[in-house]
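Quick one: the structure is below, and I'll ask about it shortly.
Chain naming follows the written order as A, B, C and D, and within any one chain the residues start at number 1.
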């Protein structure tokens, strides 16, 4: 139950976006991937969920080959990906967005239980269950996106920039829920974040990407304390 | 940026130059005028354009097969003066653009001796204006349209009409209605284009006024909204006799919609949309034809007592297998027959000029299946000039009213309508014209 | 008075036929964001299939069912063979236009193929129920048992399909795949299969349109008959008027188009058919650029 | 050398030289080819019009045939009612159609993809039927368009077809030259920006609606010219000269050319002109059955359309270019 990535390379046209990345994330860990814009964070995540084809290397989870599976298949192996930006469908209602995440499970009862649990975590979603997702605020949309991913009962959660475009207070709230979910549900989480400090504060381990390569990996706390990382990514 | 622009320009020039070179690489055809174009000592090449595909094609697309069958029959019997006739057929889908293109190909590429039976008013007009067979001296024989203008030799020096004009038809129909349905409420359903408007003019000259007139836009008969509205209008106007000047698909739609609304007036169909096989092909079952009347200038296609019909049926079975004998086949064969008659009349030394002179001088004595005479002269290229009326029975078989062909004749101008006294010349032996 | 009632009936019953075609177009649009011009060709092909089935089974209803099933199959096949590749390639300036153009090409191929193999043959489908209008107190109305079947088929299809779209899991998957294919995939929806399914349903609806309209008209079926492409144009106009997004809109658009056409043909000018359709479309779009039932600021295709 | 080609005067010289070459070519071939050359030039103009609209401003028109009809009819009316000299008739066609295009374009700018496609489709079906409503438009038969005999100074054997070819190719060359210039101008860049991303273009201060309307207007002007040329090459205008299939085949031509590349325009035009002939040759081989002969041209064009969209979606020219770019990128690395 370990996520093992080795020598992963992903090309974006003529540009190598992810360059020989190897990493290992243990079960139950929350790993924060940080780095500057264009460091290859999103591409790494998209490769892991089968959205972007990899050039070479390997990535396995529970013995499944992540690189050569379609995303809709990976969901069935317990890999859920919340993509960058507003990963909800504005034309659907909040409830429909949630249900979408559990369509493949075909077990209405189980799905309902999961949904109730998600409503407990994000009560705002329950209040707005019948509304179109289009009417939600940014933070609510992010909650909905994560909620939708959770509906699939994932074991590995790939989160892409959940803090994007949100107000500081809301960010703190979202980060806290991510931490809580990880602990409560025993999830393994890969969290890609521009907001490096916030991400490292809740993470167990941290990975710093630079121009597609791994610049540093360490326990999150150590990275926060690392003067070079602080200077380059944490801004103080 | 400059680089891409330059490359773009270079590519553009390369492509254009290649295009130009390709064009110029095709050698200009050498000129050799020993024989008349399209004629050799043992062959004659003719061309036709007509809709073989598209909305206007059903029915008409049987014509070339019938013409070819008759030519094959003639060829099998030694041809005309030892020359065998071939017919090159080009589809124009009933659009003038395609007619012009196809006629150009026939004349410039296939190098046909003459055009014969080209179909459609707008198409023939476009061809006459642009390809201009007249200027080139190319005979444009027996065009398949009732537009009266083509008989005008000044405007169309090499074009010959075959059909009576739509104006003649409407004038004759006026007389027929006045004689047979006096005092009845009259309705007219017509295609709102020159074809229908020619008919309107004819009815005006003929002195018939309609109580209800329903025009329809060409092609609109194919939509589910249109045909029921015709019937509702005619019904609301109380029309007891309805004249229909439209294409067969419109006739079919009208008969079907009338049946659905239990409306049973006396139908009188114009000759264009009055062909039973085309209407049946468009979905009307035979019983609906009972009592429907129509006009024609050829004998009824089911009239086996007619020597032409009998011969044409035999030829059709042998040389055009699989095609049901109907009015289109009859018309196609007759056009081919008149063509052969004309070519034979032009003599052994066949030239385009000679052919035109032969039709102008001898045309009115030509043998043909037509029950009225053809009337070409040196000044006017008029074709047949009359009609008879018949009634369909429950098996969609057309029979002349009263069992005999009563032919009315008139002209496209203000001339009166009269009963014809024309006696058709006997058919040449075996249906092979020799003079 | 009778004339006016008949005008309305003509409008509604012919509008129902446009609605059928519009439903098929809306289904494809809703599930894949493509305007499927091949729909007319598919309907033609399905109706020919239905005609062959009638020859074999001597029952219109069995033929209708088979035509719908096989029509769905053909449609699914088209999606898998052609459209799937085009959807995948969503870059380049032509990406938005390519599917439309491909469907135009398919339309040409289907019509040409049918022309070569079925051209010139006499193919007539007779209605299974009387198409003669009901007679009440001496007047025969422009509404027949068979036309009632068409009207109810339209309503049933609209209600049934709307329910499928809004109330079922498959409907949810269909909508999600159309709006946001990537998110749908990440949520575990097999988007490719769902899209094929959307096309299949549309193929069945188009087949129903062809099978019902042919005997409703003169009954004749020919590759050259403009019926189906005219139906496509009018069906498309109906769908656009209705807003493309909504099945209810498609039906409203079709009925409205039929009614306006019938009224204009009857009371204004009998030759104005095509212009009327155009003017109606322009008027509706000027007032509501997204169509009657369309949502404002819809996603770009 | 390339500086010369890049400059405006250079381009003018280039197109002039091209013109001379074309006219020389026109003297070398037989009448049918010359006639086809004129048709080819007409298609070049019509397809460029679509390329300008679809390829450079991202709007889809399924009804270009209707714009051609406006051009054709206005040229013919100018000739028949005002007896204008022929070149002025073409100018009238361009202006009248551009005016109609600006009205349409204003409406079109409000509509997104499928709604615009629907409107233009309805226009293509609806507009030609107007001719039936007014007698001065000649009804279904249409009106004759007499371009007039070639000037006597060209000699007595100078055939009318060659004259049409000269007029049509000059018009096509001028249109292409003008189009090249405008696409390189500020407007060209604006349209590319709009096509790329409307929102981004709007943020960059581009008035998207105005840019689209302008593209529609100019495209309509070109279509009007093509319509007048079409009227000339068939000698007449009538509703049936502008069927829905014309609109579709123009779109086909544009796709075969590659909707984003002007240089490819010849490919589309040549294909449209040559297909019937190729189809004829094939069906002749297959034994000239009526059904095959009649349906093959449509089938061939459609098959070609699918193949291009599936295999070389951006057109042969663009495809070649991108292969070359890719190669140069990979060698530079």
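Note that a contact is a pair of C-beta atoms (placed from the backbone, for glycine too) under 8 Å apart; a residue touches a chain by one contact, two chains touch by 3 or more.
This structure is a prediction, so every number in the text was calculated from the model and none was measured.
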Length of the shortest touching-chain route, subunit A through to subunit B: 2
Centroid comparison with subunit C (C-alpha atoms), farthest chain: A
Result of counting contacting C-beta pairs for B-D and A-C, higher pair: B-D
Approximate Å spacing (C-alpha centroids) for the pair subunit A, subunit C: 43
Centroid spacing, where centroids are CA-atom means, of subunit A and subunit D in whole angstrom: 51
Computed distance of Cα centres, subunit C from subunit B, in Å: 37
Multi-chain contact sites of subunit D, meaning residues that touch two or more partners: 129, 132, 290, 294-295, 298
Sequence positions of subunit A contacting 2 or more other chains: none
Where subunit C touches two or more other chains at once, by residue number: 115, 119-120, 271-274
Subunit B-touching residues of subunit D, taken from the complex the two chains share: 2, 5-6, 11, 14, 18, 21-22, 24-26, 28-33, 35, 37, 39-40, 129, 132, 139-142, 144-146, 160, 176, 180, 184, 230, 233-236, 238, 240-241, 243, 245-246, 261-264, 266-267, 270, 276-277, 290, 293-295, 298, 317, 321
Complex interface listing, subunit B residues touching subunit D: 2, 5-13, 15-21, 23-24, 26, 28-29, 52-53, 57, 61, 64-65, 89, 91, 93-97, 100-101, 104-105, 108-109, 121-122, 125-126, 129-130, 132, 147, 192-195, 197, 217-218
Residues of subunit C touching subunit A in the complex: 169, 172-173, 175-176, 179-180, 182-191, 295, 299
Subunit D contact footprint on subunit C (complex, rising order): 29, 35, 82, 85-86, 89, 92-98, 100-102, 104-109, 111-113, 115-117, 119-120, 223, 229, 233, 236-237, 239-240, 244, 271-275, 277-279, 281-282, 285-286, 289-291, 298, 300-301
Footprint of subunit B on subunit C - complex, ascending: 2-3, 6-7, 10-11, 13-15, 17-18, 115, 119-120, 122, 124, 131-133, 135, 140-142, 144, 213, 216-220, 222, 224-227, 230-231, 234, 258, 261-262, 265-266, 270-274
